[in-house]
Amino acid sequence: MSVFKMTEIVGTSKEGLEQAIQEALGRASKTVRDMHWFEVKEIRGTVKDGQVGEFQVRMAVGFKLDD
Amino acid sequence: MSVFKMTEIVGTSKEGLEQAIQEALGRASKTVRDMHWFEVKEIRGTVKDGQVGEFQVRMAVGFKLDD
Amino acid sequence: MSVFKMTEIVGTSKEGLEQAIQEALGRASKTVRDMHWFEVKEIRGTVKDGQVGEFQVRMAVGFKLDD
Amino acid sequence: MSVFKMTEIVGTSKEGLEQAIQEALGRASKTVRDMHWFEVKEIRGTVKDGQVGEFQVRMAVGFKLDD
Amino acid sequence: MSVFKMTEIVGTSKEGLEQAIQEALGRASKTVRDMHWFEVKEIRGTVKDGQVGEFQVRMAVGFKLDD
Amino acid sequence: MSVFKMTEIVGTSKEGLEQAIQEALGRASKTVRDMHWFEVKEIRGTVKDGQVGEFQVRMAVGFKLDD
Amino acid sequence: MSVFKMTEIVGTSKEGLEQAIQEALGRASKTVRDMHWFEVKEIRGTVKDGQVGEFQVRMAVGFKLDD
Amino acid sequence: MSVFKMTEIVGTSKEGLEQAIQEALGRASKTVRDMHWFEVKEIRGTVKDGQVGEFQVRMAVGFKLDD
Amino acid sequence: MSVFKMTEIVGTSKEGLEQAIQEALGRASKTVRDMHWFEVKEIRGTVKDGQVGEFQVRMAVGFKLDD
Amino acid sequence: MSVFKMTEIVGTSKEGLEQAIQEALGRASKTVRDMHWFEVKEIRGTVKDGQVGEFQVRMAVGFKLDD
Amino acid sequence: MSVFKMTEIVGTSKEGLEQAIQEALGRASKTVRDMHWFEVKEIRGTVKDGQVGEFQVRMAVGFKLDD
Amino acid sequence: MSVFKMTEIVGTSKEGLEQAIQEALGRASKTVRDMHWFEVKEIRGTVKDGQVGEFQVRMAVGFKLDD
């Protein structure tokens, strides 16, 4: 049967939440193959001049381990 | 006094989080009348080729029961 | 050493989640100076005619206290 | 062996917490038979002129499914 | 769009839970206008001679910020 | 895009945890079609003469809503 | 310095929540001296003929250990 | 009305989860009478040579106090 | 003093919960040495024809880092 | 009866956890009178050159409101 | 196989967190033998003149039951 | 934009909590560069002769991934 591993990453973006998620998956895909799903764990961000500086989305990503 | 019922649904979308929420409410409104509010319980999604395959938003929706 | 204070606010928007966050930070910046970061605590909203009426994002905002 | 189903409802009352719980059970008993137990999930309410407008008690109710 | 602020208070009463909630809202209404809702966070109390000394109800209260 | 609904059930068994899960799914499949996944929410049980009377497994089950 | 011990008890009552709390404290005071405070952990109950059968309040109670 | 007390125990077994639960109940029944129900709080275990050394199941057990 | 690292894995099995745990530990032992303990974080699974398709057990595993 | 208000602050220190707590209370005492108790909500910190840069302790502080 | 029991205690100290933990273990060792491990559940304290009055550390302690 | 990775480690020390945190960061810095922050997840320890054997602090550590 398959075994999966979870890794936790934080993506950041000035644009929005979806972009922060994509940013994190894009970077993770450079070193991890066969990612199957992600789960958002926390949404936070920095504030700059009374506005969002950057969105930070913390995610767990599950990928399949080779047999 | 009013009594409400909560139902839990999961909306999906390739576009973004707001679209997944709308998708779920649109489908629920076919069978449930008088929905008042929703609460996001979980945000997750699938990964395809190192990118978001689809966003999945799990929500509790509250609607009023007839007297 | 620095000391920070957390305040909890709820931003609302008909547009989306990022706009609700911005709305809350914009209003808070009228009375609070030196905000550093925010943390999303809850995402919910109202339903109107089977669609999102408004998004409501509850956030904790951290700002630095003067020495 | 028995199988149970949980349903989530919100009772409201201007009187108090016990009345809000009774209100919800009374309404639920119109459509659901054989309820066994309830669990309070959340207590909240509205405020009107600096006083409680109504108490809102969110509950999970367990009932037995027919064989 | 509206922005709300949450404040956290603890009401106490020798009578019961509803009275402790009312006590807290009554005191808060002296300095905060336009309270909309409350959420019970914790219920505890003191014990005196094997009986409840006082009930303590911790609540978050949401009020609307002026535009 | 697909929309899913979650329903919460409690399965019971004198044998073990897996049997309680199967018991619940078997009963649910009589009225719900197209179940996709389940999540265990709570494990408890009764005690009889210093031994397990029955195992009780509370589960959320996700099934696909027809378009 | 003082050391305290926490014990967990469940009080029941047909009357209401405060009575269930008092019931538990009264019984505990038969064997435990010097109780200082209690914390409500869970509120649930049984349902009988579409009404509350009994309220069940689960509490942690803290008492001082002798030096 | 009845008052119950909760006690927390950890059962261990090399066989499986159900056996660890039985192990704990069996030992508890030597000193505690009239146990009614148990709730699993945590499942963990030791690892030995890349395999489960023993399963450890942490449980709260509720028993009735004499009147 | 010793320092440990936690890694999160998901084991799957058609047989049962213990087998899913063993499956995950067996696969992890191929790349990680000196595993000491595991903690179950989540139990879920797939449904196929009204029955469990496979059990999925998510676990944190702690192993000792070399000095 | 007394009513209390909770405020949330984050103290920082290069020395240790107790100092970060003291730092926060010292700063809060400049503007808030009659503080009664504090509760640690989160412990985190920054890392600098492989060592703790500063400890950050997030606390809720309860103080009595004037009648 | 071994069976363990968990007991919950609160240690207090004017000095610091470690001392409050030691204080609690020292007192517990007077009546409980064979304690194996402890888990910190909550850190709080009293405030006196804008400073920590005493630290209070709530802990679960696990000890082995005789066979 | 930056992407961060979280890793979970457990530091141990006979001295105290701060030392256990430092111990973990020191070991982690041998293999991970560019650590930014840590978050304490759990504090526990062993008991030996009625005293703390060692403190164990479980932490999540965030470090920046190279672009």
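Letters A, B, C, D, E, F, G, H, I, J, K and L mark the chains in the order given here, with residues in each chain numbered from 1 onward.
Rule of thumb we're sticking to: a residue touches a chain if its C-beta (ideal position, glycine included) is under 8 Å from a C-beta of that chain, and two chains touch if they have at least 3 such contacts.
The model shown is predicted, which means the values in this text are computed figures rather than measured ones.
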Touching subunit G and subunit H alike: which chains? K
Farthest from subunit C by Cα centre, which chain is it? Let me know. H
Looking at subunit F with subunit H, do both copies bring the same residues to the contact (over half shared) or different ones? different
Between subunit D and subunit F, the Cα-mean centres are separated in Å by 22
Geometric centre distance via CA averages, subunit B-subunit A, whole Å: 22
Could you pull out the residues of subunit K that touch at least 2 other chains? 7-8, 17, 28
Considering every pair of chains, which are in touch? A-B, A-C, A-I, A-L, B-C, B-D, B-F, C-E, C-J, D-E, D-F, D-G, E-G, E-J, F-H, F-I, G-H, G-K, H-I, H-K, I-L, J-K, J-L, K-L
The subunit E residues in contact with subunit J across the complex are 7-14, 20, 23-24, 27-28, 54, 58
Quick one: in the complex, what on subunit I touches subunit F? 16-17, 42-47, 49-52, 55
Within their complex, subunit G touches subunit E through residues 17-18, 21-22, 25-26, 28-29, 35-40, 61
Tell me, which parts of subunit B touch subunit D in their complex? 1-8, 60, 62, 65
